[in-house]
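Submitted below is the structure of interest, expressed as structure tokens.
Chain naming follows the written order as A, B, C and D, and within any one chain the residues start at number 1.
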Amino acid sequence: MIVNDQMKVVSHEKIAKNIFELVLHGELVNQIKAPGQFVHVKVGTGIDPLLRRPISIAAHNQEEQSMTLIYRAEGKGTKLLSLVDIGETVDILGPLGNGFTVEEGESKTALLVGGGIGVPPLYGLSKSLIAKGWEVKHILGFQDRSVSFYKERFEELGETFIATVDGSLGTKGFVTDVIQKEAPGFDEYFSCGPTPMLKALQSRLEMKSGFISLEERMGCGIGACFACVCHKQDDPDGYSYVKVCSDGPVFPAGVVQL
Amino acid sequence: MRRLEIELPGLSLKNPVMPASGCFGFGREYSQFYDLSELGAIMIKATTEEPRFGNPTPRVAETNGGMLNAIGLQNPGLKGVMDNELPWLSQFDVPIIANVAGSKMEDYVEVAKEISTASNVKALELNISCPNVKTGGIAFGTIPEVAKELTKRVKEVSEVPLYVKLSPNVSNIVEMAKAVEAGGADGLTMINTLLGMRLDIKTAKPVLANKTGGLSGPAIKPVAIRMIYEVSQAVDLPIIGMGGIQTAEDVIEYFYAGASAVAVGTANFVDPFVCQRIINELPALLDELGVDQISELIGRSWGKHESKTIYSS
Amino acid sequence: MRRLEIELPGLSLKNPVMPASGCFGFGREYSQFYDLSELGAIMIKATTEEPRFGNPTPRVAETNGGMLNAIGLQNPGLKGVMDNELPWLSQFDVPIIANVAGSKMEDYVEVAKEISTASNVKALELNISCPNVKTGGIAFGTIPEVAKELTKRVKEVSEVPLYVKLSPNVSNIVEMAKAVEAGGADGLTMINTLLGMRLDIKTAKPVLANKTGGLSGPAIKPVAIRMIYEVSQAVDLPIIGMGGIQTAEDVIEYFYAGASAVAVGTANFVDPFVCQRIINELPALLDELGVDQISELIGRSWGKHESKTIYSS
Amino acid sequence: MIVNDQMKVVSHEKIAKNIFELVLHGELVNQIKAPGQFVHVKVGTGIDPLLRRPISIAAHNQEEQSMTLIYRAEGKGTKLLSLVDIGETVDILGPLGNGFTVEEGESKTALLVGGGIGVPPLYGLSKSLIAKGWEVKHILGFQDRSVSFYKERFEELGETFIATVDGSLGTKGFVTDVIQKEAPGFDEYFSCGPTPMLKALQSRLEMKSGFISLEERMGCGIGACFACVCHKQDDPDGYSYVKVCSDGPVFPAGVVQL
């Protein structure tokens, strides 16, 4: 069930340049079903900014009723969000969308590939996969070292490769360069990041099955406004479509026309 | 609790608050949040003869106090709406206002004829003001003669009363209102979005793939209020007002201006409970204003008090 | 530091930022905050032949992301402006753009003829778009033939280049722009305010004594950008853009849309230093965008790159 | 000189129903010339609300660089202002306008008449008058007891009469009823409050000289936008005028057409 909760700020820290980790407490957490779901955040109380901001659930803890969001303070809304203090509340609508399907994975290996602010949901996903018996490997791409985060946390869960565009951390280049170079073996891949990255990944890993999480500008976030619609790969000019907010944001690779 | 009731052509509204077309889909998503029977009515997403995919994405962009959209009338087409959406909606005790769109007159006529036969469709809303479709659309809404002719032709085939949705992108809104009145409209809905645009600082390109889009939200409310104020004094048609409504106070302002009911669009995206909340807040606000029936407020800004009893229950 | 320079008919601007007419009086008050010579130009308050008191108060009302005004062209009249305001302004090294208003064609012609002879008046801005005066005003700005004729008659008598200020309250802004181009305008300024209204919840009456007023501020920026984008591709006149500008980023967005300079109105009320601040922030923003001259950005959204060299210094 | 100062909140208290007392610290205080001047307050950082709010300076202390504002949290802007915490800053433009002229007053009596949120500037005025040798009497009108404030403070300075519309404090009725009933003797009067009150007062005290402080909707607050213009009494339909923000808000009684 989707709920609208005034969630309490438990902690709020800057973990890299312009990157913030926000831990929220509230009953909404009870409703979270799968890693990869997201929430819609109302920043401020008035009309500035007007619309909610979609942010992935990076991780959550059902017992403590807490969840973690990791976001980049970039535009008007996220910059304002970064000013919220511990003890204050944030207006959250969620959980939204469908997350990653985490099946039993005994003796299977998952490759998790994230780019920039696409990295956060992979953290919760990685933990879920491990809980289901998967071995996990991570490839994380960042612009440069200053905006990278959660390296150690991912390393605790499994093998972790980092790529930065300028080479200031890990391999110089993109996540696809790491795949090329390291050729990590895996059974299924799970990815979240900018569309060009997903596109490159999907075509490079064409023979593999995987899941990708998409981003699209949103209005309602719940499937009503048709803002976030994408064509399907098997009908690129037709009338069949998916909505990123309610059908996604996670789709099996190859379903959506990127 | 009959103080919120409003009687309009074809519509017995238990309260004057309804979601605006395109901002509520066909109701399915919002039915997760509250019982749709609580609503005065529902204006469903524009329906065209054939299914439409709409425009490429990005389709929305935020602006100061508002948003731009260029959805491009995506909808499952007349058959899809008749077969799947309207029957599903019939489980709720709420009148449906079907928003009818097209690119040629014949399209409108075809859709209106058919969709007006659905048992829960109590009125049509003729969308002659969508700024986001290349053909037709905007022209129907800016040339009085064309709007009148279209109104007439649709009115001829419709089984239910016909409301015409006016575009604010005109020099003279009163002239447009009079034209559709002359064409036989039973009511007006206003306003649709203002044509606007936003450019990306980094790329220099429009944020919307469609380049321009329709501006909605609180930013446009003063324009809507002004237009309803002018039109309600010049024509004899009831008006369903919309544009930037977020609160019960906004609803009252629309009534004062001359509206007999209101629709809420963009605000649903910010607060999915907004229509329900407004409906619940209205009675206390009427108390504060010392008013028994909300219908008494229609046109109060220009002194229309008891005159329009035909619309009050 | 010549990277902000812009060359327009009659105007050698050291930078493209100027206060908009009516939002800066005749400069006296803002001269307390910074040296007016820092400005690209100054658009002074509308001048009419005779002094005008303007409308009753309240004359302003806040709206979501904007404000309404119905000042009603209050000004000391042609003689007052010629004798007191323009001489006072001549102490600053800044070109003045005189905003000319009237209720009959003859009024405009009279004011234009005289005021264009002042040594620091480098251009006229023909105000055919004020929504707040009963006679004339809005009609001049919404009927293409009338606008063209007025432009022609004023152009005949003006000693300096003539910019015509367009009203956004029209169905077809391109048609209006073409009409004044045909009338001989040297440039356009756009947009003036959108006609709007606000009602008081307690009294049910309009907040403004004049009932309706002009909507300005950030709320209207998407409408202005859209209109400049359309008009700049359709006519050969340079455009001074305005509507909701608050930041250096907003200025860049206007340039991308097709403006060659910009004016800042409402934002002066919020931050009296806003024009100075924007001017100071522009060079760093150009660096970020990797651009040497701001003139390179004119019309970049629709691909007008090096073509209009005639306006770059 | 008018300055734009980010002033620090020293204290912020609710002193009556919806009435707040805000003490600010900053260099702007050095510029204050006379009681009755006002400041223009930017609430929030964005466009909601867009315009500044005019608020009178209730009192100020040059040495401590502090000033007090007393305001009613009523609409969007003042309600938001009431949420500002100690230690935060508020964006203030001022001091604006011309205050009350306080001349030598040895053996003279001043009658200060305030209504509602017109009361605050009279507090600083009263102190200034006393410093110049005046004897002061106060008549303060409020809607009812719940929204009344500063009674004791005014009583410390001089004789103080209260009027409330419902009689819940002091005399039942308006300030003019108190004048009628008590007929306090005085040499000059000084008043601030809603226009109908000023109008009634001015006509009742026609034979007396006095000063009144006006309210008008404002745009710029500095004299540039012509939002706050009033006709003059000697030329009610002509072109001569005053601007409340820059010529006022204080005018000698009888100058402005009310």
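Rule of thumb we're sticking to: a contact is a pair of C-beta atoms (placed from the backbone, for glycine too) under 8 Å apart; a residue touches a chain by one contact, two chains touch by 3 or more.
Nothing here was measured: the structure is a model prediction, and the numbers come from that model.
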Pair of chains joined by more contacts [C-beta pairs], A-B or B-D: A-B
Which chain has its C-alpha centroid farthest away from the centroid of subunit C? A
Between subunit A and subunit D, tell me the centre distance in angstrom, where each centre is the average of that chain's C-alpha atoms. 55
Averaged-CA centre spacing for the pair subunit B and subunit A, given as whole angstrom: 36
Take the average of all CA coordinates in subunit B, do the same for subunit D, and state the distance between these two points in whole angstrom. 46
Touching at least 2 other chains, the residues of subunit C are 63-66, 217-218
Multi-chain touching residues of subunit A, meaning two or more other chains, are 47-49
Using the definition of touching given at the top, classify the network of chains in this structure as line, ring, star, complete or other. complete
Which of the residues in subunit D end up touching subunit A in this complex? 44, 46-49, 76, 80
Touching subunit D in the complex, subunit C uses residues 22-25, 28-30, 32-33, 45, 51-54, 57-67, 69, 71, 74, 76-77, 217-218, 246, 266, 268-273
Would you pull the subunit A residues touching subunit B in the complex into a rising list? 1-2, 4, 42, 47-52, 93, 216-231, 238-239, 241, 246
Interface with subunit B, subunit C side, in the complex: residues 63-66, 68, 142, 169-172, 194-199, 201-202, 204-206, 211-212, 215, 217-223, 225-226, 229, 244, 249, 252-253, 256-257, 289, 297, 300-301
Subunit A touches which residues of subunit C in the complex? 64-65
